[in-house]
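Lettered A, B, C, D, E, F, G and H in written order, each chain numbered from 1.
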Amino acid sequence: MNAEFLLGLAILAIGTAATAFPGEKTYLARLINLEIPSFGLFLIMLAFDEMLALLTFVGVTAISTFIFVRIMERRDDR
Amino acid sequence: MELVYPAGALVILLLVSAAFFALVRERDDLHRLLLTELVAIMTLGLIALVATDLAEALILPGLVVAISELVALSQVYIAKEGLAARPAKVRRIEVMDTAPAIVAAILVAYGIVLSGFSGGAIAAAGLVFYFMGHGHAERFALLEAASGYAWAIWIGAFFIFMILPAYWFFAVLIAGGAILLKVMVKLSLIGTMRGDPDV
Amino acid sequence: MLGEVIRILAASIICWVLFVTVDILFKLPEKGGVSGAAAIGRQIRADGGDLLGGNMMGNIVSSPDASAGTLLASCGVFIAGIPGGLAAAALVFIGNRICHDPGYAGTTGAVLATFVVYGMTQVGFAASDFIAGTVIAILTIQGLFHIPASRVLGRLWRWRA
Amino acid sequence: MIAILQAIFGGIALLGAIAASLSKSSYDKLIGIGLLTGGVIPFVAARGYLDVAIAVSLLVPVTTIIILQVTGPEEER
Amino acid sequence: MFSLPTGQIGGRELFVVEFGDVVNYFSPYTASLFAFALIFTVIVIISRPERMVEIAFGGDAYLAKEIPTKDLAFQRFMAIACGLATLAAVVSGDLFNFALFTSMVGITNIGIVAAVRSRHVLNAAYQYGIVAMVATLPLFGAAAITLATTGSLSLWELYRAGITVPFVAKAFLVLGVMGEGMAPFYVAKAEITRAPGAPYILMIHVSSLLVFLRVVEIALSM
Amino acid sequence: MEGIEGQIPLILTAGIGLYAAIRIVAERRTLRKLPYLNVLSFAVAASVALLIPHPLALAAAAAYFVGSTLESNAIASAYAGGPERQ
Amino acid sequence: MIEYLIAATFIGMLFHGIHRKVIARIQQRPGPPIWQEILHALKFSFKETWIPETASQALFVGVILVAIGIWSAALFVLLSGGSLLLLFGIYMLHKIVEHGTGLSSGSPYGKFGAIRSVITAAAEIPLFATIAAVYLFTGSLAISDIAAYQQVHGPLLFIVPPAALAMYLVILTKVYYSPFAVIESKEIVSGYKTEHFGVWRAALEVGFSLKTFVLLYAFVIVFIGLLPIWWTLLLMLAILVSISFVCALTPMLSPYDSVTVQSIATGLIVAALAVQWVVMA
Amino acid sequence: MIISRISRFLSDYDNLVAAYAVLVIAVAVIGIVLIPGLVYEEEQLYPKQIDRASSLDPYDRGGEAFGRAEVAAQYPENSPYLGYVTAYLTPLARLMADETLHLGTTIVSHPGGIIDEILYNTRGLDTVAETSILFAAFAIAAYLFTRRD
């Protein structure tokens, strides 16, 4: 069990808690909190040397963030 | 691995429970959509724990399924809430004048070098960033067509593998290139979908 | 080991002088290059610091300036000698363009630093000393006490003007 | 990468994660994400995945800027 | 070369279609499902949609709804895609491949109803879509757990007597298919079926039932 | 402690990074966090270059540094309300 | 094969008639003659027939052929001792028939029937419990194997009563006038069959009588065993009459209540099976 | 009455997600209880072996360029050219690999990495499915986007 894996699990846990039960329940807060578990997963993939998956994941995360932003900028309440 | 796998599975299953518990309590539609993204991360985590090359190859389809469903559902959401018009006032940041072009160029170049699926995703992220600042809806149909052809080419490559395996070399080149094109174009279309449809 | 620490400290002083000079020559404290840099300057003034020094700190935050040039040039020299340093200068140039920065402070700093660092490696310093030295130097400006640091930078700017 | 460095960068990443999850302001959250990135990149680089490090360190700011498109004006606190 | 140990449940294999590691097969059971899916796909292709008549209950008012042909063409396209995905899913010989085609069934199902303009139907479709989306976790999770604990994804291997697939994986698999096809949670689907375009809407139901039938076979055989 | 010999610059920069991280978390005003973030990105970029002396590491360090700067720039500008606020 | 089909069809229609007659007698009405359903089918065959203008034509006709096709196939599976799973599959596909029949016409009544048919899909779940139980206890799903098992161990009805109950529930759901028959209840005219008339209706009735026959026959084979043909028919009739009693004495549920009752019943049956399995193991 | 309350809950499709989530939580909890039963199988397909000394580190998967690599596929007999795809390098990649360590993905995921072997060759059908999914999703999104209400 290497450092990346443990760190990844820890960050994944923190991020999931923050996303599932955010302090202030706004769309924006959830969207940003969603980045944290992404980094957790990122580290887990790193620990298993799954680099192509990791790269794709980061790219796709950026795109899915944009999809949410697209919805949110059309709403008045953020 | 005999310890890593159960430990990882334990943590991820716990987090799955937490994420779904949040989903049980959530009533708002957009919040639900955000939580599905969290669930998608858990899914990938479960696959990643297998820790083989096969797992890595399986993460890519998993990612694609997640982003595809998100794209479709987000558009259903916009249609059902009637959020057709883009807001007139858009936040302006200075770096948006300069950064997108250069960053997108770097990412697209890297994506092309990488080729295949990952390359497509990276390049698409760059292109989305680029299109974000501009309205490029007029290219929509053209890009759609390009991606359709790329898909057909990829299917062709797949059948080369299955029927004429001796030509694997060409099949690999075609498949890698076609997937790159297909994924890049498809995903970057999201970037063009920001403005009004009939510009 | 002790010798290395002393060399790092010496390198940090050299770096500090180098990049502050270049930055001030390129008029970084004059105004914030982007709205964010200006806002940082105003914030520092509101907290009791100097507006012009704050502007310079904001500019350092917002775009690769001479300090970044120094750091990356040291890295370049550390890795690949003079060509590495010049490559770093090119990268800083691209960085400047990305960050909506019309100036050439970063590029100039990188080119200058390449030769300085390379020269110092000939007289017993290691390039890695300069890497650590730059980090320490930037720490003194951006990382320890913002208010006194902004006053010092403001005074230097007025002295130049 | 030696253990002490792993501890330091891991600590930075954890600090970033906690700061991002606990902050109220979305700007502070984004700075927390930046902190998290700073902690994670050395792990990538130390394993030799330098090209990945380049791509990731360019993609993370892209994500941040995309999010910044919808952040509202910040109330002074 | 292959000997499928499924004599008791799905019957012996009739013939196999191999794509590298993914070896699809037709047994009497899967062949029946395949044939049924094929019939309905053909019906979707040749059939023209019905024109829905609406009445005001308690009154004598009738009115036939006119649906734009563009919407119906899109629905038909999605229904055909759904039929093809179902065809592939019911004969799949690989767990992950099955999961992928099942999620394609889920997404094309959303597509079939997404063309409807009624807000009520869209709302139901959205809720259904959310479930379909979170159902990818049990679906792919099942494949991942199976792969990790048995070292294989091929149903040919997993059906062997010596290999035990964890209960969680089986339960997740069934749950995932239930989520993607909504069988038997038809409550949202009932709202969806209020939409016009009968042959296409019917495809939603056909696909989810067939995939569910297939997963029952898989879960029992594994 | 073994392994520290010859690693002084690396540990020094990493330590400065940790210090900057703590200052970021401790600081309450958003705009004042950014200079600390700047220090952090200096430290991390330096660490990357020191960890792997390889030409691509220079590019990685530069990319990280530029990316981080871009991020700070965008955050600060968005926080300040963009150019029209001036 | 064809003679079996014809015989099964007629017996199934006769059963429908008997069902109606029994219910009528319980409710102290004279009721129709027991061959009424056969006459109905014949009468419909000679009536004027066309396809409604609003209908989706291929689906309107195709679904009828599918109905007859799947239940013929089911009979074939049953007679040849094939897989019980296949039978289960066909039973679930019957839902598609109901649904397609209702949707294809464009009529609002048909549509309501179809929607209710979709809602009550929980009706299939008891059969799943049956399959799982039979598989657990006999180790096979081939009907011939199950019959062989019963030769040795005696009827499954006494070995796994909860599973038999589940299948009974399934049959109960599908007969006319059952408490769960919300898809044909009279406030929506004839439910999904409203717009199918003439030859189409006759063909549908043929399909449905096959269905009744197959389900009852399957119950006898799976839970009692292979018996001489007359005994089998007698037992089928006995089961049918018991169902008729239930239908006559219970009110029809509202659609969603029907789902809930079925789901809860299934849950209880599964729990009972699990307990039994654990006790026996 | 409890039955009609449950019916009312289920008949509202807004509660559907919650109902499904409860089911998933139930299974996940069972999974947590049965964690000791999840034993990692050491005999995996396509295992990851990383040769730190190779000039292709960290992406080396063995095998010679234009030769053949050892790949643990499920059905090697179905892919006659198994292992060739894996060992393929473009000339540019070859040059970079000879030159230095740590060039990473730029080398091997040129068409020719093991991921390509899996994605395009042995498990190509997965990729067909996945691109079809992408295609379908975009058809939906593009249709809704361009439709005039």
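Brief remarks on what is shown
Just so we're on the same page, a contact is a pair of C-beta atoms (placed from the backbone, for glycine too) under 8 Å apart; a residue touches a chain by one contact, two chains touch by 3 or more.
Remember, predicted model here, so these are calculated numbers, not experimental data.
The minimum number of touch steps linking chain B to chain H comes to 1. Contact with both chain E and chain H is made by B, G. Of all chains, the one whose mean C-alpha position sits at the greatest distance from that of chain B is G. If you compare C-F with A-D, the chain pair joined by more contacting C-beta pairs is C-F. Chain geometry summary: the mean Cα position of chain C and that of chain D are 23 Å apart. We define each chain's centre as the mean of its Cα atoms; on that basis chain G and chain H are separated by 43 Å. Separating the CA-averaged centres of chain B and chain D is a span of 21 Å. Centre-to-centre, using mean CA coordinates, chain A is 33 Å away from chain C. Contact with two or more other chains is made by residues 34-36, 94, 98-100 of chain C. Touching two or more other chains at once are residues 17, 31, 40, 48-49, 51-52, 55, 58-59, 62, 66, 72-73 of chain A. Multi-chain contact residues of chain B (touching two or more other chains): 4-5, 9, 14, 16, 20-21, 23, 32-33, 35, 42, 49-51, 54-56, 58, 60-61, 64-72, 74-79, 90-91, 93-95, 99, 103, 114, 116-118, 122, 125, 129, 132, 161-162, 190, 193. Interface residues of chain A, counted against chain B in their complex, comprise 1, 5, 9, 12-13, 16-17, 19-21, 25, 27, 30-31, 34, 37-38, 40-41, 44-45, 48, 50-53, 55-60, 62-64, 66-68, 70-75. Interface of chain H with chain E (complex): residues 10-14, 16-17, 19-21, 23-24, 27, 30-31, 34, 37-45, 73-75, 77-79, 121-126, 129-130, 132-133, 136-137, 139-140, 143-144, 147, 149.
Within the complex formed with chain A, the residues of chain H that make contact are 48, 50, 58-59, 104-105, 109, 113, 115.
For chain E in complex with chain B, the residues that touch the partner chain are 19-20, 96, 100, 103, 106-107, 110-111, 114, 119, 122-123, 125-126, 129-130, 132-134, 136-137, 140-141, 143-145, 147-148, 153. Residues 5, 9, 16, 20, 23, 29, 32-33, 35-36, 39-40, 42-43, 46-47, 49-50, 54-55, 58, 61-62, 65-66, 68-70, 72-73, 75-77, 79-80, 161-162 of chain B touch chain E in their complex.
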